[in-house]
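Each structure below is given as structure tokens.
What follows is chain A paired twice: with chain B in the first complex and chain C in the second.
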Partner chain A sequence: MIEIRNFSFTYRESADPVVQDINLRIPDGAFVGITGAAGSGKSTLTYAMNGIIPHCYPGDFYGSVVVEGLDTCEASLTDISQVVGSVCQDIDSQIVTSIVEDEMLYGLENFGVPHAEIDARVDEALTDMGIADLRDRVIASLSGGQKQKVAIASILALKPKVLMLDEPTAELDPASSLQVFQLLERYAREHGTTVVVVEQKIALLSQFADMLVIVDDGRIRFADSPANVLAHSDELLEIGVNCPRSTTLMNRLAADGLYAGSVCRNVEEACVALAEVIA
Partner chain B sequence: MTIEFRNVHASYDANTPILKGVSFTVNDGEFVAFVGTNGAGKSTTMRLVNGLLKPEQGEVLIDGVPTTQLKTSELARRVGFLFQNPDSQICSNTVRDELLFGFRALHMNMDEAARRVDRVIEEFGFNPDDDPFLLNRGTRQLLALASIVVLETPVVVLDEPTTGLDFRECVKVMGIIRRLHERGTTVVMVCHDMEVVADFTERVIVMSDGQVVDQGPTFEVLRNRRTLEVASLVPPQIVDISLGLSIMRPELAGTLVGTANTLNEMETAVAAAVGQPDRSQAAPTYAQTAPGAEDAAGIGGAEAGFVPDSEKLAGLDLESAVEYLAGEGDARATGFVRIPTSPIDPAGVQLNELLDAQYEGREANAESPAANGSDAFAADQTLAGSALGAGSSHAGSDAPFDLFNDRPAPEPVGAIGFAVPGNVRESGRNLVVPEIDAPAAKPDKGASTAHPDEGASTADSSDSAPSAAPREGGSR
Partner chain C sequence: MNGFLEYVPGDSLLHRMNPVAKLLFAVVFAITCFCTGNLVFLCVMLVLGLAMAASCGMMKQTFGLMKAVFVFSLILAILLIFTTPAGDRLVDLPWGYIGTGSILAAVTTIVRLEAAAIPLFLTFYVTKMSDLSNSVVKVLHVPYKYAFTFTSTVHFIPVFMNDMKGIMEAQTARGVEFDVGGIVNKVRLMVPLTVPLLVSSVRKTNSAAIAAEVRGFNLRTRDSGYKQYPFAAFDIAAIALAIVLLAAAICITVLL
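And now, the complex of A and B:
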């Protein structure tokens, strides 16, 4: 579980807090999507949960962030890293080796994973990400999307209790993005892994997340099921958050008096709803 | 300027072919998107267009000349390139220097450079003294795009220009790219966002495993189930809905619902299917204009002396909005007046189409200010007026088009582009280019600082004491 209470944070170089009065509880095995306009505080929120704040970014820290029983101010970054696996927004800053296989091995060896387990974990993670054929490739020769898959795979291999991913599909094609979200959803369901994803791809968040957190100007504006959040499409647009086209379509039809059902989160729900409308 | 690939093969090392016989043509003035899975060869194709890579087999021709016969600097004057990661091309210490870099590297007229850079800084809203590397990713992307725009190349190649941007930033970037295209620039774009592809491009080239597997008009390709399957593509949502409904309800295939591609089309089709009157014309008002559009309105609009009154526009239906805007016709003739639009503002797109049609009609009107020659610019604008709708006036013209003032530039400097060989650009911050003034001293970090979440400048201050002490683990 992740519990954030009355959390506010001001970076040392700044005069004003980047996030304020954040209260959020994320149960075990939940799939949480976080989105919002650039500069709204999304990444800061993830840094607070994976310990980068306060251990790497100093500043004024108020309130508490407890992840799997570890208070992030009191526990060491090493201890936090054992339970929280993070994929950064800037993939190049996270990749430390030159060969894909070595990148997979790096974290496993540093965390002292038994030797007998390592090969199987590498195989599983690469296969899950659909990049088993890239095992021996030089990372510099990979496309941006392929590198992003390698970074995700290297964290999956560690089997953390919490997965924290900051825009993990930014450079991925739509099919690969869908594959990643399906994989994350499977990890949450089968392994009880808590998944927290910062994303701009609202369509994917709406489809897979149990909870959608909308951050606006350093505060949580909404934290609820995707359907309940997307019902506020006008407010979302005002703060720079778009809705999936399928949601926008059904909302417009509802405004036209042509549809009276619940908010549609994705293409499938819109198709079912429209099939009933067009009797 | 045409781009032609003839059976091109390319690789980064001998054991890993990336392109395996790629052939296509991009015609002058087109807006073409390259789509496909990661590793399909899209970015490699883009690097072959501007000469960063040369083909191992086959030919890449720019206006009929093989790139192997052109120096990279010559290609740079023709083809502007936006890298997938803006940090791959940003190399100066200030925003202003970054925008001037291309002019210096290509030994262009620095007076004209300064004029253009000042205008772009104002219209993009940059702080010229900001350290580019302290800006947030979206602003760095805008800066990289601005460094291309300012050079006015006839072709721009954009490698995933919306990656990592939020919705507002995406609207802003694509608005700028759309206006580039409308003024005759050939736009070649790699893009994974299928909604952006659907909203902006005319033609799509689909790549898979180093080959072209399909190409054609955008919606024709994106509705082709076989292509979608072979290339593992996910169609835009409205297309997906119409295709899905055609399967769920086969009788809808071929109907308006079964063939709708856009929000407006689907809304109209559903209304018709249930026997309701067509609501799309009466529908969205400017209250629904996407956020950030006001920024777009400032680009060019303020220069022209007319900025649409957004409050007045809000609440007007399309017909009244056209009447209001067309009534400012002289302003339209003398400056850049275009309604800010966004991917989710089909009414704005529709309004622009109506305005363009009206404007083109006025060209033939003997009483129009343009015909009277009462405004020299208006006369020019009349000749180029169709460009606003057809985007073709620049074709065949040697004079670069002034993007922001919608008129031929007063002092043409020639078509120049900006692309630097990757091994120079990617050396990063310590790049030193000969014959350039010493870089300006980096601004004091205390005065202009950005952290991962924000690009705003804040002052370091300890004046305001918090009501409770911060936790020991966090405060330094």
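And now, the complex of A and C:
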């Protein structure tokens, strides 16, 4: 479980807090999507949960962040990292080796995974990400999307209790983005892993997440089920978060009294709801 | 060859050799080249180096390296010609003369540098950088943080080169003419671009350090490496050959 209480953080080089008064409770095995406008504090929130704040970025830290029983201020970054697997936003910086297989091995070797298990874990993670054929490739020769899949696979191989991904589909096409989310959902279900994803593609988040967290100007504006959050499509638009067009359409119909059903998260749900409205 | 010190895949004997054996061979080979001034012996070393390059299909890349080394060694050679008055007098200078010995010294320097560079160059291109660092940690007991520092440096060279290319392309799109006025103009225009490059480099390096730390960098020990690097008969033979060459070079220098 992840529990954030009254958390505020100000980077040393800035005067104002980047995030403030954050209270959030993420139960074990939840799939949480965090989104918000650029610069709203989404990444800072993930840094707080994976221990990068306060261990790597100094600043004024108020409140507490407890991940799987570890207080991120008291536990070392290495201890937190054994529980939380992180995929950074800047993939080029995350990759530390030159060959895909070596990148997969890096974390497994460091965390002391028994050597007898390593090969199977590498195989499984690469196959899950659909990149088993890239195992011996030089990373510099891969496309941005392929690198992103390698970075995710290298973290999945570690089988962490919590997966923290900062814009994991930024370099992927829509089909690959969907594939990554399907994999993350299946992985979380099979392993009981808690998944926290920062993502701009709200349609994907609303389709897969159990909880949507909307961050606005350093504060949590909404933290609820996707259906409940998407019901506020007009407010979301005001703070720079575009809901799926199908959601916005059905919300407007609901506002005009033409539709009384639940919030539609995607085109398929909207088609069914529209058919009911027309009938 | 994709980039600077970037592994070139292959299945040659040199590719399959133990990374430590390759490194030791290359280092001893380079030392050997500096232990003798015998031009014939150095030519033999150069031919040996080229034979190694041919055996792993790296001739084209090796000639590229030789060209770069030649430019550098030519500067040293010219200095030697003007500052080493030896042998039969060919041209008189105000401070001495250029003799046959001067030219011999210059040619020897060029051949020596070319011969010494080839095995080191091949070692880095036919060995995965991670194998090289893991094996020196496992076999030679080099602390991992030093090996990681080296591999990270090499890993980031193409990343930073790409960044520089990107910055230059962005500047070109805004009317900066890098292709006009020759190398001096290009360097003059590049100097101010080093600041954004430095800023992005520091940022990337910091991110890489964090990424390594969150993947257990501090937990790594000498035994963490998954791959094993046993010495085969050929590895031992290669090291023995390097030692024999070193001994021969020393003998030639002492006896002749």
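Note that in this section the second predicted complex is superposed on the first by the 275 of 279 C-alpha atoms of A that agree within 3 Å, B and C clash if a C-alpha of one lies under 4 Å from a C-alpha of the other, contacts with A are read in each partner's own complex, and residues count from 1 in each chain.
Quick note on the criterion: a contact is a pair of C-beta atoms (placed from the backbone, for glycine too) under 8 Å apart; a residue touches a chain by one contact, two chains touch by 3 or more.
Here the structure is a predicted model, which is why all the values come from computation and not from measurement.
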item	value
Chain A as common anchor, with chain B and chain C clashing or fitting	clash
Partner chain in contact with A:N251 - chain B first, chain C second, else both or neither	neither
Partner chain(s) touched by A:Y106 [first = chain B, second = chain C, both, neither]	second
Which of chain B and chain C A:Q20 touches, first, second, both or neither	neither
Touched partner set for A:S141, first chain B, second chain C, both or neither	both
Contacts of A:C56 with chain B and chain C, given as first, second, both or neither	second
First, second, both or neither for A:T194, with chain B first and chain C second	neither
Superposition-derived comparison: chain B or chain C, residues of chain A touched	B
Against chain B, colliding segment of chain C, chosen among 55-63, 109-117, 181-189 or 235-243	181-189
Those residues of chain A which chain B touches in one complex and chain C touches in the other	92, 138, 141
Interfacial residue positions of chain B with respect to chain A in the complex	12-13, 16, 35-39, 43, 84-85, 136-138, 160, 163-169, 192, 194-195, 232-234, 236-238, 240-241, 244-245, 248-249, 252, 257, 263, 266-267, 270-271, 273-274, 276, 279, 283, 288, 290-292, 344, 445-446, 449, 451-456, 458-461, 464, 466, 468, 470-476
Contact set on chain A toward chain C in their complex	50-52, 56, 77-78, 81-82, 84, 86, 88, 90, 92-99, 102, 105-112, 115, 118, 136, 138, 140-141, 154, 158
Residues of chain A touching chain B in the complex	9, 11-16, 18, 36-44, 47, 53-54, 57-62, 64, 72-74, 89, 92, 137-138, 141-146, 149, 167, 170-178, 200, 203, 237-242, 244-246, 248-249, 252-253, 256-258, 267-268, 270-272, 274-275, 277-279
List of chain C residues in touch with chain A within their complex	2-3, 6-7, 9, 128-130, 148, 151-152, 155, 158-159, 204, 206-208, 210-220, 224-227
